[in-house]
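First chain A sits with chain B, and in the next complex the same chain sits with chain C.
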Partner chain A sequence: MSSDLRHNWLVRGVAAVGECGLFFVAVAGAVPKSLRYWRELCRQIWFVGAMSLVIVMTCGLFVGMVLALQLYFTLSIFGGTAALGTVVALSLFRELGPVVTALLVAGRAGTAVTAEIGLMRATDQLDAISMMAVDPLAYVASPRFLAGVIAMPLLACVFNAMGIFGGHLVGVTWLGLDNGTFWGNMTSTVDLYRDILDGLYKSIVFGGVVSLIAVFQGYTAPPTSEGVAYSTTRTVVFSSIVVLAFDFVMTAFMT
Partner chain B sequence: MIHPSDAPAPLVQVRGLRTRLGGKVIFDGLDLEVARGSVTAVMGPSGTGKTTLLRHLTGQLRPAAGSVRVDGREVAGLSRRGLFELRERIGFLFQNSALLTDFSVFENVAFPLRQHTRLPEELLRDIVLTKLQAVGLRGAANLMPSELSGGMARRVALARAIVFDPMLILYDEPFVGLDPIALNQVLRLIRTLNQTLGITSILVAHELAAIRQVADRIYLIAGGRLVAEGAPDELAHRDSPWTRQFFGGEADGPVPFHYPAPDYARQLGLAGRRP
Partner chain C sequence: MHAAGIPVLRRDTFTGDICMNPRPSYAIGTGLFILLGFAALAYLATQTTSVANVGHGSTYEINARFSNIGQLKEGAPVKIAGVRIGYVESIRLEPQRMDALVTMAIDRHYEDIPDDSSAAIFTSGLLGDQYVGVQPGGSPEFLKNGDEMVLTQSAMRLEDLIGKFLVNGSPKGGGSAAPPSSAPPASGNP
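Then we have the complex of A and B:
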């Protein structure tokens, strides 16, 4: 490869995507072996899932409140405020729940995973694990990847529940919409398979994407403080772009 | 008298090793052997590839050419599984200790045992405490790595490296950061492991006085090749430019002290000026 070609950002970008793809194959291949380290997996689920609950619940509440406020005044123009519960729930289940949760998890847990693995690389801990005849992919990478896949849909459910609660607070408690209308229209319109499960499928994919990017960036971080800092930033940037791009593609296929 | 053909095969055999890292030639035809049950020191100027040699022995790096055999097996030819089987029998003391920061001192030393054995908890605890006692840190078992000094972390890493009583222990700069008391105990421990369990040891270090106490043989590497080898006392008194410079700590000799640079006077703007 010529020097000019190697310094071309497009070529480097394609090479990085290919490298990430190969890394995914290696991490996925190490998943069966990683189940042996179930304690580590539980620890990571706790870290990615339980430790993200506060930010996810808080953001879910406010997103639901803002959504209800905006939609109430928009729907009132057309005399359709009775559909507030339905629209809030559909927006959350189909789009906002999975997407915003993924962005929040990328910012809170993804960066922490990248920094942790990057520092493990910089301080030879990954080499030490390998030298003790333990596969670092199975012990370090796969549990963190799996934890993201497992925790993300659960967090999205919590986000959705808090969002609907926030929508109810604004729509019913504050703006005076009828409680029965709010819940009745929502439960009769929202479909378990088409709306709720589709949103969950998205969350599972986003969980995989965000945790793969976080683990990959940590694993390939240059072993310097600057290198770890850049990789941590890249985790947030790449995760956000890829989540939104995947969301569009998946929505296109699901609708 | 032992006939040469009756002597046991060396545990480590390196033949014609060539390595390039980032476009720089590290080894250019390195040959050396390490006898079973010996303590061997690898010395040489900084950046000469001593740690790289250890990484070849454990399969962390593959040679560009040449052969690296450990216990009769070609390391570069091993599968991933074979490599891990070999590593189970090798202890490695990292230059910067490389303790797992999430685990306590006890759990760091117990880590290899937990991963590869199903020992009852009581027996595991006894083994770990025995190793920690050997490095003088039994009382620090519950501390976290962040609470240790550099020298203490090195001793914990040493306890972890020997917890399996491996056939071969690779020490990368084991004496850095140790106070004289700890240094003496570590030297005694290396010698005891060697004499009582027959564990082969390879040390990468610069402390000649310490190495003379413990090593059976020294290999001096410079410029990608083996430039001298022999028993410590014999090598320290050998009259060759390499040994004279290295063991005498002289700036002038075959190993340049200064990194290649333009003319000093010209760079300072003094060229052509009168004194």
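Then we have the complex of A and C:
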């Protein structure tokens, strides 16, 4: 038996999950109050969404290109290269678009949010905000959480569009697949509700998960430079694990 | 604006300037980003899905009965000479005759389909999706809304073909006695 139950890693892990859940309830409860700080929300959407466009678009283009290249050679074994457009679109919409976008945003925006809030805590800015009778949950935490929920599906759509463009570039322009076959097979198979909207629901959930973890890690970071550094790392690690785990669960429910 | 109307000096996170208000380009940048995101969504929804295939003109209906529709699904294309002219609107079982009644919505642009045309269910590629192919006849009368195509050909099932081949198709006789494992289909090509 360990001397104190609170030092058991398992107990601490469960406690961290519980804290995160309670923090989620607090942040969600502060959302209505945070709507009066819409300017801050707007700035956060700009930071999480618009500033991530470059990385998301570049990665979407390359993911679409490599997907088309790989699938072309696999499909040519079965003589099914006509299905290239379908397979690229379905892989992007249902799986790669939401997941890769979530991982990219966790790495680019989630870390920044954690470090920013962690330093706010370390330099007592959060206390200063509450001294001014402004709820830091409503002014700092909720706008960043909402911004993630709003920006993530839009980023995933941009990622998907760029991926289709990249797949078209490789499949049609480079490998010489017929343009009509590429689009025709895609449009006859891809379904608006089953494929595109399911992917969108996924990325809404991922946006909430990633930004919640980022805000939570920043909010609870130990007020030292080492503490902020560890919290930033944990944001990426936990976001990636939770996004991939949620992805499996949601896919199992949707199909 | 916030904090009870008292102007707040704050450091701009991105430029490092100390300013009264966040940069106005936040609003512009955010707006552009949101518009771009929705534009991408609209593009995906209209250009890459079956929505892109919905004819904007009005359609009329033609029925056809098949004894077996195979894997035909609602929304599958209807084609003449490989050109898409409509889609399968509904598939249901006709209780009296125990066959499948397939209702097809044909674009009004293609109104002059001869009424002795025949419909068959084909597979695009070897293992692709199935569609209804219409072979035009020579009659001077055209199909009208609600008409039925009399001549139909059911879906060809790969299992049936292989079964027939294993029973009849072996080149050197005695094929019916041969177990399937010793009669690879590739040897039977004429």
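Basically, the second predicted complex is superposed on the first by the 251 of 255 C-alpha atoms of A that agree within 3 Å, B and C clash if a C-alpha of one lies under 4 Å from a C-alpha of the other, contacts with A are read in each partner's own complex, and residues count from 1 in each chain.
Everything below uses one rule, namely that a residue touches a chain if its C-beta (ideal position, glycine included) is under 8 Å from a C-beta of that chain, and two chains touch if they have at least 3 such contacts.
Model, not experiment: these values are computed from the prediction.
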{"item": "Which of chain B and chain C A:Phe145 touches, first, second, both or neither", "value": "neither"}
{"item": "Touching partner for A:Cys157 - first (chain B), second (chain C), both, neither", "value": "second"}
{"item": "Chain B versus chain C as contact partner of A:Asp124, first or second or both or neither", "value": "first"}
{"item": "Which of chain B and chain C A:Val134 touches, first, second, both or neither", "value": "both"}
{"item": "Which superposed partner A:Thr189 touches (first chain B, second chain C, both, neither)", "value": "second"}
{"item": "Chain B versus chain C as contact partner of A:Tyr72, first or second or both or neither", "value": "neither"}
{"item": "Winner by number of chain A residues touched, once chain B and chain C are compared", "value": "C"}
{"item": "Set of chain A residues, in rising order, touched by both chain B and chain C", "value": "132, 134"}
{"item": "In the complex, chain C residues that touch chain A", "value": "1-3, 13, 22, 26-27, 29-30, 32-34, 36-38, 40-41, 43-45, 47-53, 76-77, 124-129"}
{"item": "Complex contacts: residues of chain A adjacent to chain B", "value": "120, 123-125, 127-135"}
{"item": "Partner chain C, residues of chain A touching it in the complex", "value": "36-37, 39-40, 42-43, 45-47, 49-50, 53, 78-80, 82-83, 89, 93, 116, 132, 134, 139, 150-151, 153-155, 157-158, 160-161, 164, 183, 185-192, 195-196, 200"}
{"item": "Residues of chain B touching chain A in the complex", "value": "58, 60, 80, 84-85, 87-88, 90, 92, 94-96, 98-101, 111-112, 115-116, 160"}
